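Think of it as A, B and C in the order they're written, each chain with its own count starting at 1.
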Amino acid sequence: MLLEATEAAHSATQAVLGLPRGPYFKMAEEIGGHTLGYFMPELIVCFTLCLMLLVDVSDKLRSPRNLLSLAFVGMLAPLLLILGKWGTALFIYPDWGNLAQAAHFFKDHGYVEVAGASMLAFDGFANFFKIFALASGLITLAMLHYDRSLPRKSFGEMLTLVLGSVLGMMLLASSTNLLMAYLSIELMSLASFVLVAFKRSDRKGTEGALKYMLFGAVSSGVMIYGISLLYGMAGTLDIALMGQRLRDVNDPLAIGLALLMVTVGFGYKMSIAPAHFWAPDAYEGAPTPVTAFLSVASKAAGFAGFIRFMDAMAFQSTGNALPIINWVSFVAVLGALTMTIGNLTALWQRNAKRMLAYSSIAHAGYLLIGVAAVAVGGELGGDSGRAIADMGASATAFYMIAYCIMNFGAFAVVMAVAHETGSEEMSAFDGLAKRNMGLAVMMTILLLSLVGIPPTFGFLGKMNLFIAGLEAAQAGYPIMAVLLVVAAVNTAISCYYYFRFLRAMFIAPGEPALVSRPLIVSNTGWLLVGGSALLTVGLFLWGSLFTAPTDEATMLRRTPAPAAAEAQDASKGHAGHGH
Amino acid sequence: MAAATFQELLSNTMFQYFLVFVFTAFGVVFVILNVDVLGKLLFRPVMPDPLKLTTYECGEPTIGSSWVQFDIRFYTVALIFIVFDVEVVFLFPWAAVFAKLGAPAFTKVMIFVGVLAVGFINAWKKGDLDWVTSIAAHDLAAQKDARLARARQRALETEERRAA
Amino acid sequence: MLLTLTIFTPLLFALICLFVRDLRTVKLLTLTGTLLTFFLSLGLILPLGSRGSMTSLAQECEDTGKIGSLLADLRGNPETRNTSYTENLAREVEVMQRASQSEYSSSLHHIEFVPWIKSFNVNYFLGVDGLGVALIVLTTFLCLVSLGAAWNMDKSLDHHTHKPKYQGMRAFFILYLILETGIIGVFCSMDYLLFYVFWEVVLLPMYFLVGIWGGPRRIYAAIKFFIYTLAGSLLMFIAMLYYYLATDGGHGGTFNVVALTELLPRHFALAPTAGALCFIGLFVAFAVKVPVWPFHTWLPDAHVEAPTPISMLLAGILLKMGGYGLFRFSYMFMPQQAYDMTTVVLVLGSISIVYGAYCALGQTDFKRMVAYSSVSHMGYVLLGMAAMTKLGLIGASFQMINHGISSPMMFALVGVIYERAHHRDLNRFGGIANQMPKYAGMALVGFFASIGLPGLNGFISEALVFFGAFQSNLGNAGDGAWWMVWTSVRFWTVICTLGIVLTAAYLLWGYQRVFYGKMKDPHYKDFKDLNATEWATLVPLAIFCVVLGIFPQLGIKYLDGPMRVLQNNMARHVPEFARQIEEDRLENLNRPAGKEIAMLNGVYTK
């Protein structure tokens, strides 16, 4: 086994050398039976990370500009590599109305094996979330470049940490093995703890980081305990295989407890109630680019891991007893709780970043509508169930894109204002329209998108989620309908605090001395704010453009990998009812 | 019949959890009963003394707070030590069968060591291993920062003056 | 093309205004824009009268038509032949052709059909029938007229500080134009998603117009307005998505309103619970907008705080969006549920009428009184709608038009006096008639149109609603037990007449307090009579009050068709209702005045 792996590494090295010769998926074929080629995007990120550590200590090379371009290339290259697969389809099928035809292009997926167990799947779902992580990493780079308040001296460390975190997200998106998922979560968490505390002298930042880390430590401890229980019962860590074996285990209490524990680990990454307490402090204390990065990319990765886990674990038990967790009600209640807590708490905030932090919690609640639909699909089983689960996963992914664009934009506006006024309080926005009309209008568009009001992309995202939720409700789950009504009411509530920005910007008079001075935004700032605002409106008008990639995101690998299936045969003797 | 029922019970996992529960409960109750209730009443003499509440430290009274801040550099060095400590754990098995595995395995181990080396070089160059000079370096850096900050402040002021 | 032009001309002018710094130019541009839009909307009317060159949906669906050729194009192209969008479009065309045998789709004109979001089968589908045209013309007319009230806003001074009271008026006119685009879009979207988009587009400019240029409690009023409407429209949103899923024929559902009107009643016959929930969702969404008691509490705040031109638009058009939604969507999509919930609609409408009038009676604020009168007057729309008789429906829809003229006139009148007195307290006025005789004269027209004096427009619609409602046998089903009489339309109609009395009381009392008696403040001696812009605002409205009062046929002839379609649609899908109207018809003929009523029907609906 080890020899094979070595050969794989060997040919992968060759493949790296021969990279310009052909497109990426061709390359993977050329390697033959070996699968390391699929891992190329991650390898590039790894390599860039090491390179950056070296460049960072060279006095000649370590200018912020060099470091930034290195990190940029290190994330853009894998992004293009993954997109390359989609590129062909993009050009062949410009009509995205026809999803069925576009979809068959992506059925060729691979997975990486380590010592006979499949660890990582490279399906459309993973690719989507990898692209998502890389893209939000790139936007974060732009924001870091824009943020003038950061210490330039340790810029390299910061970029390295972002790269490390992105690597963790990419791995989590394709983990099909709970151990791998756990390690990826740790990788991205450890990097983000440091990112949060990056302004060492800032008390809020240190406090936030400490809370973040304590929460992270506890929840990952709980998660690994849950994983060990599941391993004890199923005798495997492969998620799909585990799901199949657990159906025969007659122990609802233990299964329920274990699933709950694992959910805690993911829930902390997704910042859903009641595991959300770290979020406001960490988001408020962290440098703004990091806040945006955490609230978008980190959350998305958490959702990716959870959806993959949930898709395998939500089943109608055929065997002896129902698992003690009823996934659908569980996720629906969590969703309702999360959005309500997030929105109600956001109502009382005076700090813009903290308000956006709570709003980010609320959005995690909306995203759970899609996850609940996945749970419904899993419970129903069969083709119709799979269709609903796909719809849920696709809607979650779609909303994620919308959320990424509008949230990065909103944080960029907060940054632009904080640069000039030195304050992130709501009062800093007073009279913004008089100081810079363009910025105020862009912020308005982004806020509308966050509420989910039509001429914006956020509306389409919410529509997707609601369609998935309704489809699930129609399949005989009235609790989903209740969840949707709760979401609707929450949307109305959320408009109250989002509109406090509008009130401050357009209606509040503001301090006369400040208001008379125009607020200057640099080119990078305009690129970030204007780009995201234009995208929110533009993508709404051409809204069909994005359905195909998210459709891709539904393509979870649901069957155990062949290697894992073999392992199942081999381990029949000692697995199963392992008490 | 009773035996069969007991067999059934034993094969039931819930019952096993129950046994664990009973065992735990018994343990807790046993300790509390002996130490606090029965012990206090029957065997143990009760003679409270403030001295008994003090921290025992080699017979000497403690001086100052025990919340001492250690130098952060201890942690850095300890971390780097642990990384290489663990590396050795991975290297031993490989070294034992080194001859059999040959060049490919050697390449891979070298990649592994290389990655760690990159981190080590980084830490070294950043001055995390310099115990004495690092303070001077920090001071220098702090001075440089202060100079930069002053320059920035001046630039801002000129800009404002020009604007006015 | 004409509809697209009408919708987007204001938006185009708004964009031009963005690049113009000079306020005076912006004003002139706004005037040009609204004037142009008004003439374009008049162009919409012309073919409806002549029935000559217009293309209706029935023709559009033929292979030679636009939609047919679009389908043929999609089918001809190998890349798009088998897409689910094409399959769904084929079904939509088939459904619409089936529908074209019913009168609905043949009464739709100025069709525009362009694919938009193909993956959700969303189209840019516009079309108008008589109701839509009437409301669009009302919109463009009011936007033009309200401009008169906005014209001198930048010159009005705060009477304490003597500084300009309103600032940033350039943005005001830009938002005003965007608002107009949104409202026109609402009245002609035949795709439900498109409708929803326009519906929400209306909200934001309105939030700013009230929130920035409003009275002292403007921020509270603006956010209250926004949250109320948004909460309602989100319920509509869920219902809308349910429709989409419910009509899924294997290639995604549809948002096409004509297709939905054909498909949904059949679907809801099998899913009555979902139907009831959807009806409630939609009803709440539109009831907030109308507004119906108990969802009306945003209205007094928003109307009172808004500046005069915006109050005029709020009362004149935005409330009609709710009524339009009830007619076009609630009653067309879910006739069975609408029939079942007649009593609910009826009771809420009656409470609105009486309660609104009663509240208006108690107000001391002139503008608040007018605001509550809107609640009361829009209640008649619900009463007529619940009655579901031909006269009732025509009365209800005509009441929307009439209220859209008389209520803005009332707000304009309030604006005139507020501009001079800087307060609106009814008890502190008095004797204005001597000082401002021309104003008092115009006010008389407005007040009497609101009261419903014969010869003015309000009378016609209210009378039609009462005729129609009293004709109706809905509710107690003829042979019901006597204690169930409270469910009958007739019972509530009698109660609603109380509203007429109260209306007369508060309006006449209000008129008396403002215009007659002793002058309570010597300052009133300095008041000048109406100036040019005020004349320009009030006279067109007054003319319409009189003209529609004398020649109601001008409005009714456009409303007759859509209302007949509405009634037939319900009769088609609700057998009890079909039986009932037949019985009613026979019974009415045998009544003492039956022949006359039948004749009256003929007169108004020919």
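We adopt the following convention: a residue touches a chain if its C-beta (ideal position, glycine included) is under 8 Å from a C-beta of that chain, and two chains touch if they have at least 3 such contacts.
Keep in mind that what you see is a predicted model, and the values were worked out from it rather than measured.
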| item | value |
| --- | --- |
| Touch-based graph of the chains, sorted into line, ring, star, complete or other | line |
| Most distant chain from chain C, judged by the mean position of its C-alpha atoms | B |
| Chain occupying the most central position, where position means C-alpha average | A |
| Intercentroid distance (Cα basis), chain C paired with chain A, Å | 44 |
| Cα-centroid distance, chain A relative to chain B, in whole angstrom | 29 |
| Distance between chain centroids, defined by C-alpha means - chain B, chain C (Å) | 69 |
| Complex contacts: residues of chain B adjacent to chain A | 13-14, 16-17, 101, 104-105, 107-108, 115, 118-119, 121-122, 125-126, 141, 145 |
| Residues of chain C that touch chain A when the two form their complex | 79-80, 82-86, 117-120, 196-197, 200-201, 203-204, 207-208, 211-212, 218-219, 223, 226-227, 230-231, 234-235, 237-238, 241-242, 244-245 |
| Chain A to chain C touching residues, read off their complex | 93, 95-101, 444, 448, 451, 453-455, 459-460, 463, 466-467, 470-471, 474, 484-485, 488-489, 491-493, 495-496, 499, 502-503, 506-507, 543-544, 547 |
| Residue ranges of chain A touching chain B (in the complex, touch as defined) | 2-3, 6-7, 9-10, 50, 53-54, 56-57, 153, 250-251, 253-254, 579 |
